[in-house]
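Look for chain A in each of the two complexes below; its partner is chain B in the first and chain C in the second.
And then the complex of A and B:
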């Protein structure tokens, strides 16, 4: 009996491990075929570029994200909500779209195209597009800090930057690090931006080695190393999450009230804080909108993008449903399973986010080929499900943990079976987080390029694929309609996710009458 | 006997949160150096607000606050809290969770415990509050009573001229409350620090203070100590 209840989990674990095992086997076979020095020489450049790209991007994303988070959390000023949304909305603009629109715009403005495609510019693009990964956890942590901690520090003589460095930064450090690590994973996993910006990284190396040189073995080896690095990063993040606690230091937590400031007085922080909203969202959307409006008749916009839009929506919705269903099974197992080994496997199979889209795609191509499932919708959904299971499980698990087990026990005492108690009590309480997981997954699926490129059926063209293909042919102006459609779909998703409480923004209760009762630093 | 100088003086202080009736309305009080004063009152009556305006964490609407005859809050003037040399023990302890007990107590000292003088001062506080054995522990491993003593030791360590205590002992059980209160009184007398405690507990108010007031309609009214029965 126990075996049958655990069967779905076993299948999920195998499904998750299959592409990794396939890659490892393929990499192992190739390891002895090529001389190590030859391979090492090739990899040095890729590694240096990857490290520089990740370092530069994360530095920028941290400066932008942290300054906007601090400003939104600690200061009240005209246009604060504009800055808040401006800091979140770059989530709706994938890096490669920002890169296409910026390069197109700058070429139009007279800059030579070749000089724009370089590592520093790629770092800037990633910095602004990934700053929400830093902003969201930092902002949530800052607004939750007990006001009395900061007031104590002030009464003990600290103010301004010293107060931030001595108290605020150490207290939000683990949230900040988690955000920075997730941004780092995104940089490592990216293909579209680095490919377009002509920056050779591990991801582009994997593609070129496989599709350019036809060397599956070396590509697999590179993919395994990239997976190992990503998994390490995610492992570090999960450890820091488990340590994150203010427990025991205060009895209750009244957050700090924002103090009013004029725009002029906050200008030095406002400039970096507003950069992501302007460069990562406002400008790309303006550039794309201008292109679309300018070529409204000649591009036959609707006829060229209506199919990709419908395909994207269908694929994203199907992936969202699959991910939510899988997440429910995984979280249910984590919550109810008493065997620690089983719980560990459930946890492991929800860590697909450590598999960059391209790495996962390659693993699945190897694994699915003998099953004749490559280039099928099943294969594509399989890939999305493995990659984005993390999003589903983290959203649902966070809410599930807050539901007392007492509720289900009470339902059982009132005559419900275990399944009945789940469906009648727990599931309705999880509704919002399930919807949230669905929306967040669809946003990521809409943006996902490498996995889609590798796993899609030949006749399936999503918005991301259409945009990438046009950009690869240097038909940048023609990418505008599909890019804009993608941004608008993602923006709608971001708004919906915010309404569902995905980002902890606006939950600090710092508004209305309650505002007056909160503590403030004058 | 010569009278000690006035350490804290509030003159016709008015304070209220925006769009609401003032919680402090024309309040005046004068406290001499080394004196201990308690303010009694029910929840939500403005006791914590009184401490917050004295500490400089809130701006007053009218009136004047003087510390050692120097105006710190008044018309068009507001001295920042970090410059007032006022210590405060918060109702929720506010012990920094990322620092050890030693570093928490050293937080307000000039070198944060790195100089021999500061280290000596922290050791002295640890001994006075009987928490020497907790010196290297992190706050999340401490009990409520221990955290309370760390909070008190931290507030007194920088030798503030005035110590404000916001329901500082109310979360402890009766036995522990008496012990911690006595430790605080001993430390205050030793340092000669002026102090102001707000509490809803009349017994605590009278046991702690030389003078006890009640806060009614935004003003202070002095209460006589009840005769022992």
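And then the complex of A and C:
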């Protein structure tokens, strides 16, 4: 019985590990064949750059995301909802796209190109594009902090920045860390943006070794090293967080009311808070729209992008469904399993995110080819699942944790089977978070490039691929229609996810009160 | 509107994604291509070929040749690919080394493509050519000063040179061709000189280097003839304006000839439709196929009697370094290590 309920998990874990194991074997082969990678003479520079890039980007993303989250959560001002949306919407703009549109725009505006592509500027782009990873958890945590606690702190004389640093920040820290980590992994595994921004990072070393030296083995080895570092950080984090878990009070407390302020008085915080919205969304979108409108007649826009749009939607939706189903099995295991070893393995799903897409693609290729699965939809979906399962798992798990185990056990007492209790009690409660997981995965698949490129079937072109190809052919201006279509699709996804409550951004203080009244009435 | 939302073709291709075509019974009326090229010329050629032969052409494009090679290598005898086309001849060499090709066996190709542009074992053939040329600011540099690629390492050009990153295959191949003639020491000295002369950190694409001459960031750039020609005939007046003071030199005309990047193709060892693949290669080197290359992407043809558009004729008849073609693949890894050592990012 035990074995049978665990079987789906075993299969999944094996499926997740397979491409990684393939890479390790590939790396091992090269290890024995030749003595390793010191050939890449500049490995040290690359590592230093990676560290600087991650540090700079995360610092920036934290400053932007936190200031915006705090403003939206604690202050009432004209255009608050604009700032709120501006802080979420950079999710719809992939980093490489922001980089393309900025650099193209600035060079056209007469900037010397030489000053645009460098480490600080790359950090800025990442901070802006990844700031939602900080904003979303920070905002959600801030609005959930009990107002009484903050009122007491105020009575004790804490105010403004000191209140934030001494009371609020420590309380929301644990929910921040996960977001910051995800952002960090994304920076570490990125190649498209850093390559365009002329910054050599560890991924540059990987791809230069593979493409330039033609040495797949050493490239895999470098990737496995990157993977191991990321995995270590991830696991340490999940362990320390599980120890820390404060178990938020179950009693619903009224959140703090937002105090009204004039725009001028909040300007010092508003500036960093509004940066992501302006630089990571408004600017790229207006640059792209201008380009599209300017070339409206000459580009035959619909003919060139309508197939990529439909293909992208089809692939992304299929991937969303797959990832959600997998996430349900994984979360169910994490939730019900008492054996820590098994729970640990269920966590493996989050690791696909820690590998550059192109290298993960290689691992998948090695594993899929003997099964006739390269160049098929199944293979492609498998790749997406490995890469994005963690997105599905985390959003479903977050909700699941807030459902008391009591519900299921009571259903069991009333005669339901384990499966029955799950399907009749838990699943309906998870409905929204499942939809969210679906939408969030879809957004990421729309933006995904390297794995799609490597594993795709014949005659399949997604918007991301079309954009990348035009850009690498140095036709940046012509990327506008497909880029814009990509951003709009993702923005629609972000919008849908917000409406579904994915970001807990709707549950702000004022509406919270209404809900309280409703619950107290029933 | 001529396009319904879900065209039949699209629905079929989406449906086909579910199934691996290699598993289906193959008729010889299809041709499956893996290519690194993603140009309009290639799409147009496939269309013309389909109309002519009624052979259905399926294409997977993978930008990086190493990844394409990895996919075919791993797929082994199960591969769907009949034909591999890559944009740089070093990659064809790699694919040949990996044992991915079978002899083409076409008398027609042997007849029309000069032997220098074909593999000696008949495993691949060149299809189109781009030259690595030197663009320069006519008001600041004399064409004679930069008559050879080797000259660019001279001290007089300190702080004036523009080039893209050596992460790109164009520069890796160029370095390999110099390694082939000047040896390790020669290449190291040259790359060090180039690195020392750079006006800015290597960045952007070839077009960006041309723009940087126009904006005065540097005076001399190593670029590809194809980008130069494209700007020259651009419909955008601002782009043509960029070139006002910019001239180009095909280097090494008095010795080995200008370095070239050759696009080419070969039939896979496990091709299910080798005849279709051969027909397609023959079409690509036919006058008609070659003309699509030259007029659409403004690449040079491999066959001597193919029509060449006005813009390429305006460059004269440059001499190309054809002798290096077959050794570039072999020399590239060593060249990349030397580029690393010299600090040309």
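Here is the rule we go by: the second predicted complex is superposed on the first by the 415 of 522 C-alpha atoms of A that agree within 3 Å, B and C clash if a C-alpha of one lies under 4 Å from a C-alpha of the other, contacts with A are read in each partner's own complex, and residues count from 1 in each chain.
As a working rule, a contact is a pair of C-beta atoms (placed from the backbone, for glycine too) under 8 Å apart; a residue touches a chain by one contact, two chains touch by 3 or more.
Everything quoted here is computed from the prediction, not taken from an experiment.
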{"item": "Chain B versus chain C as contact partner of A:146, first or second or both or neither", "value": "first"}
{"item": "A:311 touches, of chain B and chain C: first, second, both or neither?", "value": "second"}
{"item": "Touched partner set for A:70, first chain B, second chain C, both or neither", "value": "neither"}
{"item": "First (chain B), second (chain C), both or neither touched by A:378", "value": "second"}
{"item": "Partner chain in contact with A:400 - chain B first, chain C second, else both or neither", "value": "neither"}
{"item": "Touched partner set for A:460, first chain B, second chain C, both or neither", "value": "second"}
{"item": "More chain A residues in contact [chain B versus chain C]", "value": "C"}
{"item": "Overlap of chain C and chain B interfaces on chain A (superposed complexes)", "value": "none"}
{"item": "In the complex with chain A, residue positions of chain C that touch it", "value": "3, 5-7, 10, 13-14, 16-23, 32, 38-39, 58-67, 70-71, 74-76, 78, 80, 94, 165-167, 169, 172, 199-208, 211-212, 215, 217, 227, 235, 332-333, 336-337, 340-341, 345"}
{"item": "Chain B to chain A touching residues, read off their complex", "value": "17-20, 52, 55-59, 78, 80-82, 84, 86-88, 90-98, 107-108, 139-142, 144, 147, 154-155, 158, 171"}
{"item": "Touching residues on chain A, where the partner in the complex is chain B", "value": "146, 148-149, 151-159, 166-167, 170-171, 173, 245-254, 513, 516-517, 519-522"}
{"item": "Touching residues (chain side chain A, partner chain C) in the complex", "value": "39-42, 107, 110, 112-114, 117-118, 195, 198, 200, 204, 207-208, 210-216, 298, 302-303, 306-307, 310-311, 314, 358, 361-362, 365-366, 369-370, 372-378, 380, 453-454, 456-460, 465, 468-469, 472-474"}
